[in-house]
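Below are structures written as structure tokens.
Both complexes below contain chain A, partnered by chain B and then by chain C.
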Partner chain A sequence: MSVCPPFAPFFGFGGVASAMILSTVGAAFGTAKAGIGIAGLGSFKPELIMKSLIPVVMSGIIAVYGLVVSVLISGSIRPGEYSLFSGFTHLGAGLACGLTGLAAGYAIGIVGDSCVRAYVHEQKVFVGMVLVLIFAEVLGLYGLIVALIMNTSAIGGDKCPTI
Partner chain B sequence: MGYYIYGLPTFLIIVIALYLLFTGSGEAFNVGRFLEETSPYAWAGTGIGLCIGLSVLGAGWGILVTGSSILGGGVRSPRITTKNLISIIFCEVVAIYGVIIGIVYSAKLQSVPENLLYTPQNYFTGYALFWGGITVGFCNLLCGVAVGITGSTAALADAADPNLFVKILVVEVFGSIMGLFGLIVGLLMVSSAADFSAA
Partner chain C sequence: MSEQVVAANTVQATAGRSVLIKLILFSLSLGLVPITSFFASQRYMWNGNSTYAAITAVVSANIVLVAYIISSVLEDKGDTSETMRKSTMDTKKQQ
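And then the complex of A and B:
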């Protein structure tokens, strides 16, 4: 069992893919679901549309988290000098960012949809909506933090024995 | 119904695992050996195929959702049919991303004899193309569906009130950046992957 087997990049790239794909699932769900609510709001009160774009922006931020982690991980994968330790660590980092982004995007979508529909009837719910959306967004942020910590611990783990 | 979907594969996996264990051939389950034995061309080809296939699936899905809403709303408000073609184009762009990545990845497929194929560099390229293709494909699929749903919403809002279209278009733009992110990550993944070459 070698420290740097040739199949180690499979797991590293799996981490990159899962960070990007899973956070895109969350972002896409958040954008689409909140967009439906915003169009419903716009039919009744068009002047409130600009303020109610907040859930859509926050879903975009979830996608950016996934992009950041993907770019960071894929920058550390080099052919030939990549250990299995780094591979599994990067896989874990990618899954951490991706699955939390999925959860955060899902929450932002459903909260955004229902809150903008309430915003049509009662303008004072806006502050409450922003507070709930921030708490949902912060879930994705936690995943980003853990992914960055794991990525940092994988740096310097590529001491491959030279043949 | 859920019992069949989750229960049958689980049962089969448990039976096969226990069979391997009890007949003394538990070592046959070796993930590393599987990854080393499969040809890098298999990984690369699967990735490229899934890239273009899933991207076009996302574009088609988005177009069907948007198009049916545009035409349905156009019965009562025929003025929306030309302006809302923008939403269709946003979905189409996702397929273009898949084609671009498919062409860029296919350029790395060079023919190498079987006995010279299994080098660490070629393994790396195979895995990079596989996961890159899957990333681009799924990101474009999700982006296409999201843009399609939002485009459909925009068309119906436009039918109700013409001033709403540009504002809902902002949501669509936010939706389409996800396909762009997938493109970026797909290109970055294969930036350090060389063409398939002999030793």
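And then the complex of A and C:
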């Protein structure tokens, strides 16, 4: 069992893919669910559409988190000098960011849908809606922070034993 | 009466145009600003340290989000003051 087996990049790129894919699934759910509420609102009060697009923008930010983590991880994978430790670390980082992005996007979608529908009837719901959305998005930010911390432990050049 | 309706419709259309331009601008910046800030800050500011570059990208994405929230709140304030001004002018005309 070598320190740098040739299948180590499988786990590294698995982390890259899962960061992007899972956070995008979360962002897509958030955008779709909030979009349903906005379509309902738009038929009654079209002048409120700019403010009610805030959940959609926040779902986009979740996808940006996944994009940043996958760009970050894929920048440090080199063929031939990549240890299995780095592969597992990058897989963990990608999964941390991706699954928290999935959770955050789910929360943003449900909150955005119901809060946007309530905003039609009561204008003062807006501040509460923004606060709840910020708390939902911070979940994705926590996953990004953990992914960054895990990634720093894998930086520094892997010392692969040359045979 | 029909003149006013036509004027109101054109104002509506032009207001819709500005909203569309603003939305397109924000969508493009939300897509481009984080990635360009990641690579630019990695090369020019942090000497290749990718963690700080990632933090810079995340901060810039959140700045775009805050700018969107502020602009939507300001636009709503501008609209309400405009409609209040118009309604007072209408009541004055009716008198």
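In the analysis below, the second predicted complex is superposed on the first by the 162 of 163 C-alpha atoms of A that agree within 3 Å, B and C clash if a C-alpha of one lies under 4 Å from a C-alpha of the other, contacts with A are read in each partner's own complex, and residues count from 1 in each chain.
The criterion applied here is as follows: a residue touches a chain if its C-beta (ideal position, glycine included) is under 8 Å from a C-beta of that chain, and two chains touch if they have at least 3 such contacts.
Values in this document were obtained by computation on a predicted structure and should not be read as measured data.
After superposition onto chain A, the modelled positions of chain B and chain C are compatible, with room for both. When the two complexes are overlaid on their common chain A, residue A:V130 makes contact with chain C while staying clear of chain B. Shared-chain residue A:P9: touches chain B; no touch with chain C.
In the superposition on chain A, contact is made by A:L148 with chain C only, not with chain B. Looking at the superposed arrangement, the partner reaching more residues of chain A, out of chain B and chain C, is B. By the document's definition of touching, of the two partners only chain B reaches A:I36; chain C does not. Of the two partner chains, chain C is the only one touched by A:L72; chain B is not. When both complexes are overlaid on chain A, the residue A:A17 reaches chain B alone and has no touch with chain C. In the overlay built on the shared chain, the residue A:E47 is in contact with chain C alone; chain B does not reach it. Applying the stated contact rule after C-alpha superposition, one finds that A:V57 touches each of chain B and chain C.
Our summary of the superposed model lists a minimum C-alpha distance of 6 Å between chain B and chain C. Overlap of the chain B and chain C interfaces on chain A comprises residues 49-50, 53, 57, 60, 64, 67, 71, 75. Touching chain C in their complex are the following residues of chain A: 47-51, 53-54, 57-58, 60-61, 64-65, 67-69, 71-72, 75-76, 130, 141, 144, 148, 151-152, 155. Within the complex formed with chain A, the chain B residues making contact are 32, 35-36, 118-121, 123-125, 127-128, 130-132, 134-135, 138-139, 142-143, 145-146, 149-150, 153-154, 156-157, 160-161, 163-164, 167-168, 170-172, 174-175, 177-178, 181-182, 184-185, 188-189, 192-194. Residue ranges on chain A touching chain B, taken from their complex, read 1, 5-7, 9-10, 13-14, 16-17, 20-21, 24-25, 27-29, 31-32, 34-36, 38-39, 42-43, 46, 49-50, 53, 56-57, 59-60, 63-64, 66-67, 70-71, 74-75, 77-80, 82. Interface residues of chain C facing chain A in the complex, by the touch rule stated above, are 19, 22-23, 26-27, 30, 34-35, 38, 50-51, 53-55, 57-58, 61-62, 65, 68-69, 72-73, 75-76, 79.
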